[in-house]
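What follows is a short report on a single structure.
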């Protein structure tokens, strides 16, 4: 922390602030400048509680300096975290891009399989589908719950894709942990600290989506909650932030990808479906996400968006997803990444 | 919903969109204009799922029109909701202003009583104090939990103030419902729909704070979740939204007060402590909140902000709160409101 | 400026940064902390050009500390600036509130006088009216230009009100300086530095409106441009900022009023008409602006909003303005301010 | 425009609104729905002045529907605008990407030539360099003015690159029009309508940067000002918008690229230097900009960023620009674009 004094601050006022800092148990480093004095504070273990420093006579401003995150930081671990899924070569955070695709919500066995068949064939290694849907309106479709989880478990069985699905409270997290391969924490729950702690005690990796108005620091601190409970397998996901701009549902902030990669060892995916909310922008922004260096993509695909029970307008048709994968592979090559594909799915082979 | 066609749209394209709308089960109202045709949609019961309308040939844009909230709307109930607390004259939403004050967190019995004694004497009818604290960092003080609830129950006993405190998950909500008079749902949980539903089944009134980037519609829809489960005693609370402005911790959006009052029958309070994050701005913004027509204030007061375990820099000293109450009473009179005071606390009477 | 090193930074890296700082002509103050070292920089006259410091090995982050404004700061001048208008008691920044009212645009002599008669009678000391209108569309009404200025000069003659009107380029500023009593620089031109410099060389006071996404620092720096050219009579005006919130046209940021007053000696008004864009919110937010401590109000009033050529939906009817003035006087009394009135207008006296 | 009535609105209220609409000279289309009636308005030539519709009894809300832009719209011109520069193959908006590079400001002949030599060799067809700098502080370097324009004219002579530089007022625009090949209007002047009109009368193409908080509609309307004066050679440039996010100087909104391309025939470039404000993010975001489909890039390059008089921290070193161009060419190929290069520069050939 740094205390900036007013230009008119007297010697006494500066001394007073230094004494207060020492009294709070820290060390004060006064730096007299041409115009004013600044006082650095060191010696704190965690975050400094600034108390009433800002109100003391002669004080202009108090500036927070040290970053509160630890376990998510490259200061602690310099190498990239790679999340591995047992029994496969599939990983998040390695050289290969993680491609997650599927419908917004699981609406029926037929719909889920129809989409799964197509995205698997196009090369997705992860299948997404909502079982518990956080909807703005209590009157909207809220998901099929455990039935959806069972359908997705069958999809894993048949297509070999790993399953990612969202938990919205401790109860649903218990079930998601049981059925799925990776637990998603949605944007609206990014600061549901109770849920983050529960996810930190889970045995499965966690995909944490950025909150709609989360700063980079808050995003990393939310991940820190999960790691601090012992679960180190966390991937982040940018999905657009809320701004004044109204030509997309959210403003996809691709610059957060290199920013995360500079500060943290955790992998980061991009969700251009929620990030734009418009089907015709998903493919260009997917290309951009791979070009900027993201570790993967999360894309909504629906076999019949017209009748989708949620997020129809932002879901790709399966043919569009095929085309997206072609483009993604080409861009991946330019940035030195691969798109592994699960390689295990042979339609003729697995069907009975 | 309204479909706006491109200026170049052909008759066929317009007819195609109308047919699609009818096929979705709605009614289409084409309105040919000088430059382009717009097509109104009626006949929907809930929200229209727009499906692929936006992607159809000739379509420029799809505009959402109808508001999804029902129970919170003045369309359903024209008169203001007044939340009453049994055994007292205290209410939220009536002519009297509701004044809620207390420390950010309950840190000890001594601290809580020291603050309670002062805010009660100054005229607060409600005592606030965190038992479960949603903190950005997992390493920050997380609250005393049930012990804090017990301390607050004693405070109610001694000073007659009603207790408001935050629940952060279903477990803590059970306890808060048992001990407190009103259950607070914090800004970070405004779209924790699982928690909102649980609050909707609670027997106590709910104070719902606006999320950091919640639109008015989302704010009202979050309240709708609570009402839709049967709990009609909901008060809203503006506490600042996130913007680019960096001179305050959040940007207090006072215009939301008349906007809520126009659309909804629910009362709305203002929290200038979180809304500004700076002690020296709490009093001016409290005056402004009353002047704009808010139904009450929620203010953080600490007997020793220097050693507060959270939010020290934004907590008022008790003397400052006394002064604030003097000003608030004067402004209240101008806007035709009163500040009741609980009238039951006589320092000499209750002291042993 | 402060350079924060990484936790892993070596002694050599820290030394390298210190040497670079000294080479740039500043002084380096290394402060070793428990987790990492921070290095303060002093000895700079103006803003430090940080060059490539952020890219040096071992550097985590570079934080800007010193504020670039000088003349607008209370560091230079502790007492409030009071802008006086010769030949009258009217002032901006003193104990009395400055009330500015009038139509968005001057549309005709009849309209302007009709509004002027009413706002003058209600107590406005300043008349506003656009002669040059910055409109989002090139096809919208752009103002009557010099004819409007002549009409306003007549209004001053008849009603004694001072005239405030906007200049949008150097040419219009020449004319506004000639005819009006105060030159307005609009929100869209807040960083039109060429225009600010010209206003700084004007002989008339300047009303500077906050840009739609201006931070407090940028707002003060725009005023600094004017003062740096020799014109010290500058008043600021908050008129709403752009955020995600869509229930008002802009989000009125009332907390900027005490924030400006803490840092600067310049007076600050509030414009609740542009700040909300909705007639039904102008009166409540006007009350709030006075309650928060603003030095005045700028309000749009139109005798026939239905046929206004611009901003009809946010203009008050004259009767509403009368009522607003009654409320404003009451709130002003609570915060120790007066609403002087020009005292010179006696309807019976000036009428033929 | 669409008027949404309250659920409780009476037949009389609906009729009243329809009559008011007809009286304003438009046509009313009432659409009774299950919950409420909406009334469409057609027959307007330009923007409907909604007057007091929103205040009428029974009215819930008034929603703007028609878009105010005309000349910039694909409704008027379906084919992409291609801006050609006489005497060369260089173009903006065609199949080839336009690469604009150079220092933030021209500081000296030596600096400008040193940068020009490198960016030309790497393949930039356009050279950028500020002669007139809009700086937040009046005490910062404001540019060399006409001297800088002369230096850039020499650079065109020697390297064949086209010159793009910013005009900040009518005076500087006269000179920029004389010396440069393309006139830049900066973000801070995007709504300086006086300057836009002057640019609309210029004989040279215009590069219009998006304002810091401009919606897509405002961005297009600013371009409309230029076209409406007769200058059809306008290219747009996304350079980041202002949001709460603080890990970059601005938030680069790449989704605006496909959004512009859907609505308008004008080309759009991306400036990742201002869009991020951080050197280490320029290359990844440049890749992303090309991948998303931008028609070109505008990048700051400095031969000695440490001593740059402005924007040092976001300027690439020449070697980094070389590397960026390699990556850009590869991504361009994936999206079916080329990076032409001026093909005319042969270092040995042009030196005397």
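Each chain gets a letter, A, B, C and D, in the order it is written, and its residues are counted from 1.
Criterion: a residue touches a chain if its C-beta (ideal position, glycine included) is under 8 Å from a C-beta of that chain, and two chains touch if they have at least 3 such contacts.
It should be emphasised that the depicted structure is a prediction, and the values quoted were computed from it without experimental measurement.
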Next item on the list: Moving only from a chain to one it touches, give the least number of moves from chain A to chain D.
Entry: 1
Checklist line | Higher-contact pair (C-beta pairs counted), A-B versus A-C | finding: A-B
Check: Can you give the whole-Å distance between the Cα centres of chain A and chain C?
Finding: 39
Next item on the list: Could you please state the distance in Å, as a whole number, between where the Cα atoms of chain B are centred and where those of chain C are centred?
Entry: 31
Notebook entry, point to check: In whole angstrom, how far does the Cα centroid of chain A sit from the Cα centroid of chain B?
Noted result: 27
Check: Got the chain A residues that touch at least 2 other chains?
Finding: 213, 242-244, 280
Next item on the list: Give every residue of chain A touching chain D within the complex, in rising order.
Entry: 213, 215-216, 241, 243-248, 251-259, 262, 275-276, 280-281, 284-285, 287-293, 327, 330-331, 334-335
Item checked: Touching residues on chain C, where the partner in the complex is chain D -> 24, 46-47, 49-52, 54-55, 62, 68-70, 134-140, 168-172, 188-189, 191-195, 197, 212-213, 218, 221, 224-225, 228-229, 242, 278-280, 305-309, 312-313
Notebook entry, point to check: If you look only at chain C, which of its residues touch chain A in the complex?
Noted result: 2, 4, 6-8, 29, 31-36, 38, 40, 42-45, 60, 63, 65-67, 73-75, 78, 242-244
